[in-house]
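The structure follows.
Chain nomenclature is as follows: A, B, C and D, assigned in order of appearance, with residue numbering initiated at 1 for each chain independently.
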Amino acid sequence: MDRPFAITLPVGSSRANHTGSWRVERPVYVDRLPPCNDACPAGENIQRWLYHAESGDYETAWRTLVEENPLPAIMGRVCFHPCETACNRVRVDEAVGINAVERFLGDTAIARGWRLGEPGPDSGRRVLVVGAGPAGLSATYHLRRAGHAVTLVDGAARLGGMMRYGIPAYRLPRAVLDAEIERVLEMGVEVVTGRSVEDIAAARDEFSADAVFLAVGAQLGRRVSIPAGDSAKVVDAVTFLHRVAEDDPPLLGRRVVVYGGGDTALDAARTARRLGATDATIVYRRNRAKMPAHAEEVEQALGEGVTVRWLSTIERFEGERLLIEKMALNAEGFPEPTGELEELDADALVLALGQDTDLSLLEGSEVHVADGVVPVGESMMTDVPGVFAGGDVAPSDRTATVAVGHGKRAAKGIDAYLGGQSFERPERHPLAAFERLNTWYYADAPRTERPELERIRRQTNFEEVIGGLTEDNALFEARRCLSCGNCFECDNCFGVCPDNAVIKLGGGDRYEIDYDYCKGCGICVAECPCGAIEMVPERI
Amino acid sequence: MFQVRIHGRGGQGVVTAAELLAVAAFDQGRHAQAFPSFGSERTGAPVVSYCRIDDHEIRTREPIDAPDAVIVQDVTLVHHVDLFGGLSPSGYVLVNTSLPLDELGLDGRVEALPDGHVAGCPATELALAHVGRAVPNVPLLGAFCALTGEVPLEALARALRHRFTPEVAERNVAAAGAAFDLVTDLEEAHRAPTA
Amino acid sequence: MTETRVHFYQVGSFAVGNRLLSDADRTVQASQERTNSLDAGHRACQGCGEALGARYALDAAMRATGGRLVAVNATGCLEVFSTPFPETSWRIAWLHSLFGNAPAVATGVAAAMRAKGRDDVRVVGQAGDGGTVDIGFGALSGMFERNDDVLFICYDNEGYMNTGVQRSAATPPTARTATSEARGPEPGNVFGQGKDLPRIAMAHDIPYVATATVADLHDLERKVERAMTFRGARYLHVLVPCPLGWGAASADTVRLARLAAESGFFPVFEAEHGVVTGVRRIRRRVGVEEYLRPQRRFAHLFAGEGRPDLVARLQALADANVERYGLAPEEE
Amino acid sequence: MLQQLEGSRAIAETVARCRPEVVCAYPISPQTHIIEAIGAMVKDGRLAPCEFINVESEYAAMSVSIGASAAGARSYTATASQGLLFMIEAVYNAAGLGLPVVMTLANRAIGAPINIWNDHSDAMAVRDAGWIQLFAETNQEAADLHVQAFRLAEALSVPVMVCMDGFILTHAVEAVDLVDQAVVDSFLPPYEPRQVLDPDDPVSIGAMVGPEAFEEVRYLAHLRQLDALELIPSVAEEFAALTGRASGGLVHPYRLEDADTVIVAMGSVLGTIKDAVDARREAGERVGVLGVAAFRPFPVAAVADALRRARRVIVVEKAFSLGMGGVLATDVATASPASGPDLATVVAGLGGRPITRRDVEGIIERSARGTLPRLSFLNLDEDVVARERARMAASRRSGPFAENVLRDVAAGGAHR
């Protein structure tokens, strides 16, 4: 067209005007550490595997998950999910049911027969892993991935450690346990069961191991001296649960009292109910708020008819009678005796007062022990080179998930040690705090509760209490994720830029700022739902 | 005639700076003229204002092509705008920055200026500290007084008191004074080795 | 039930797009293929709501018409910052004539298209609030009355921002502008009767009238698309915050638009043939104060002892909107 | 074929034969009959395709024409007086955008005091707007000029205003030979816009132009007006070849061959002036007439050539610039040869006051006697003026001027 000078202009010619020169601050895409990842003892990249689950790509989600943790079906049942406690969505409605989705992925993987990746190229080195609980299995898996040969030794007849002998089957069905252990073993592991290692140095030589990972757990029930008559039936919870797991439950009678306030106490009481106890009573010296057991476990136990005597200590156990002293919390919140006594009928007393480690295998070794545990460094190495320790053996919260995390870190530490390198923890991104989010964009959505077995059924058998999510529910739950601090390609930045200065790369490649035109207004940062953009001052 | 060109961005008080300078010069019984560059540019866009100061009546209305001083209110303009075009070889340059000047990558025309004719002043920080807003224009005028001696600081203070409410004026006077002292010290430190 | 839940996703109905949605369910703005009717390089202020609103609306109109669109623009910020010689930011056929005549010029374009048998080409007229509510009001009313086939869009930033922030008939009460200074016993703009153009438009019984903000893109685009299903005069009134005129941070543009709607101060609704057919209910209701406070034009309401009496009057205006249109959130 | 027609009707019929696609109407006397007639033709389908739009103001009328023209439609409207002033912003705009709108201006005085009768004040108010302004002497010429106007406008991308005296022409019934449709069609090709709003080839029309280019834009518009000085005569010649009528062109010389006194004027008054000239010629005086047909662009060379032998030039015009004098006269003076004839301006016919042959002869007589002042007002009632002046001198608050004058006139101070 013959265009009149100046009055009529060809379209889009303003692209010659680079308004980026107006900018004094520039938006920059960042990846922040989501609080779930931050809180996960196993170091899972939860946000990332949820991201894949959101699109229904469960296999990629599962593969992302098992990059860090080879036991998702187990973790999806027994983990006390600090990720959910940390979840930012708590402040919108309720936490994302991360644990339930993890279980769904784990179960789906078992059902579809997904296998872990191939072991790494053979390094020619061998590692002795002592103890086949969560720490040992996790270490085994990561060591195999790194190409190291593994000899896995355990004193019990079967692998799994406390997952098999401590956690009741109604919480962790054995088929699931077996499947996930088997999958690790498929990577090629030399397994020795029923063999207790008594001398760590000797075992290292025996198995020609270049390094050792010590993960024998805390298998000894702690005893306290309670005056008790000869006829009184007293058993510690660890032993009790172990025998139940071996199908050899001790006879405890109809009235069972469990002493303690941790998760083991609840496991013992609930197990006792399932074995036929009509009265399963927990005696705990503090109140409910102070109870170390996880709240949902307490809730489930109460729902199953377990009763709790709060603020009580056991003085004596004689005949079929327990003498209990009432306690009161002082100003600092510590229980103090009141002198007020009560009686409680009981056929048996189960002590669930904590566990200790059996570290006799370290006697005569250079490995230092302090307060009943083995101090370790960043890489989980003890003060003896090549000897690493983790799980309940190392100072920790003693949960299965922590143990898995230890196993992974120890494997990396061992890998570094064997390679003659120093272990360095990867740098962590700054936290994606709630204040960084723009939650207006997230649709309101309640959390999908996992179905609970009808209470009446769970009192009498060891069927799994908590059911799994259906696929629809799992997908829905995954999509409740706010993707804190990590771009999930919602197109907001691309849309809200008044200067068309955001380039959408698409196909999972996210976006780029076009600094030729970005004026630095900051709307993209303000309107990013997940806080994955930040403004930084423009350098000259 | 002394001609000043002020570079900044829309919203940074670039026009106000030129006006204040003109009022301060007028206060000294001199002739002065301040004027903006008119355009359709908006907040954030590079903008320019001008001020002429003379002992005689100023009749010209030309744009200023060959300034005797350039004030840079926003250092991020350095690579986007020809800040020093037409600058007199014996002119002055004043830059709002908290960085050492040699880190700014200013061009050869600035380096060739006489000693003591170039100064940096952390005007935005001073404005935030004294006035509470990140508007660097007034501290830069205080620095300008110290650098060029073209207008005394007292005259600038009177111009500020003329323009703003008493409370705001005093805060601006303090900001200008702080900048004046900074640049005065700088100049003295510069002269010290030769003295 | 289950099915609808699966369709739910993190930011479904509020964010611009989502990788999990089918293309058809995403906004126009989510598409790499969007027209960018108003392209980069324009000279609007940082964080300009009008630039955003114009691209939102016109890109949606382009999609709705299959690219058969002509826009007529009144004088004002949008025109000045988009087309300073030698550059234009428009990627669509666009005409600027004068400040007060955009509705009539749009009528002329539509008449020409009809006369030439090019009924497929649709016409959008657009102006700021000055060009719509004040100087262009007569022309706009004439266009409505004749029911000319034009979608007229007002980008309302509540003042004459192009000329340096002066008061318009769309400026809210108490707001400071350069011609309604925050001085005296009744600081800022007066509590007048208001000039509620959407309702005036409805009084013409034209086929479609709607309001929207730049904070709810899905709603805005849907309304543009709806508008394009009608022939005849249609009116869309879009609230576009102005960082300069409102004295707000440039990053707060979308947030302020959201607060305007969520406080009820700016009612978001639509009407067909003079009857309200839909409202965008408030999702998380806030008091007007939360909306007013981030804006320097209202700073005098909160300085020192503040003017709670005036804030209360503004709250009453918002409450009246909530009442009139039934904007209250579901649970209220 | 000659027909006895009202002027407005002749315009309407001719405009319709030009096949406008969008016609905008807002009523104002004395333009109403034109748009009423076109409206009727659109209604009954005689003029199709054509959009006839009743708008709410003249401002809208010109604005709609702008939009229609920019979208590639042949656009027409008509107005007068206050209406022209109300749309003046858009009048400038149409020219600035180079849109070939054609508009009939039924010339009428501008208030206050409100006055619906004829003079040329309205046309003079927009002489700098960038439109081509053609003045018609007769209804025949007015009708013919519309055909030429569309041709000129579209060839040059410049809007054209056909000025015809309100009431005197618009409401006069006289013989007109309407141009045949076939002739119009051969003379006026379909509109090919220089720029157009088209989704298939989008452009931005109406940019903001700063100091760096505005002068060039304006100068280019001026050059287009100068191009029009070339094109107007050739279009008129072509039209004459088809119709045999000498309508249009730049100037209409009449009996100038040996004239030493030349009266210059525009519009319908030229007929009266020609009668007076004929009468004076009978008496042996060497008098001639120069009709200015194209006022903008002003035909400086043609006027200079026409006046090159004149010793006395009398400009009779129906408008003036208050505080200065004649508007046309100023342009004539600029165009006058260096030899410099005596130039007198007679302001006449304001607000519809009649101009008679006797009046014109009187002017010629006074000119011949050397008693015609450089600026005079035809048939001015000196008594009325003197009384009002006296009143004003006596009291600074003398009341509304117009009412006082009316009272004086009613009281017997009639102007003759």
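The rule is simple: a contact is a pair of C-beta atoms (placed from the backbone, for glycine too) under 8 Å apart; a residue touches a chain by one contact, two chains touch by 3 or more.
If you're wondering where the values come from, they're calculated on a predicted model, not measured in any experiment.
J.: Could you tell me which chain lies farthest from subunit B when each chain's centre is the average position of its Cα atoms?
T.: Taking each chain's C-alpha mean as its centre, the farthest from subunit B is A.
J.: Sort out for me whether C-D or A-D is joined by the greater number of C-beta contact pairs.
T.: Of the two interfaces, A-D and C-D, more C-beta pairs touch across C-D.
J.: Roughly how many whole angstrom separate the Cα centroids of subunit A and subunit D?
T.: Centre separation, subunit A to subunit D: 92 Å.
J.: Give, as an integer number of Å, the spacing between the C-alpha centres of subunit D and subunit B.
T.: The answer is 58 Å.
J.: Taking the mean of the CA coordinates per chain, how far is subunit C from subunit D in Å?
T.: Inter-chain centre distance comes to 44 Å.
J.: How many angstrom between the C-alpha centroids of subunit C and subunit B?
T.: Inter-chain centre distance comes to 41 Å.
J.: Taking each residue of subunit D in turn, which ones touch at least two of the other chains?
T.: Those would be 97, 201-210, 213.
J.: Residue numbers in subunit B touching 2 or more other chains?
T.: Where subunit B meets two or more other chains at a single residue, that happens at 40, 44-45.
J.: Going by the contact rule already set, what residues in subunit A reach two or more other chains?
T.: Touching at least two other chains: 6, 9-11, 19, 22, 519-521.
J.: Can you check the complex and tell me which residues of subunit C touch subunit A?
T.: 2-3, 5-6, 8-20, 26-27, 29-30, 32, 36, 38-44, 46-49, 51-52, 55, 82-83, 85-92, 217, 243, 249-255, 258, 283-284
J.: In their complex, what parts of subunit A are in touch with subunit D?
T.: 1-11
J.: Which of the residues in subunit D end up touching subunit C in this complex?
T.: Against subunit C, subunit D makes touches at 21-22, 24, 49-51, 53-57, 59-73, 75, 89-90, 93, 97, 197-199, 201-210, 212-213.
J.: Enumerate the contact residues on subunit C facing subunit B in the complex.
T.: Touching subunit B: residues 43-46, 48, 77, 80-81, 84, 243-244, 250 of subunit C.
J.: Using the touch rule from the top, collect the residues of subunit A that touch subunit B in their complex.
T.: 19, 21-24, 519-521, 538, 540
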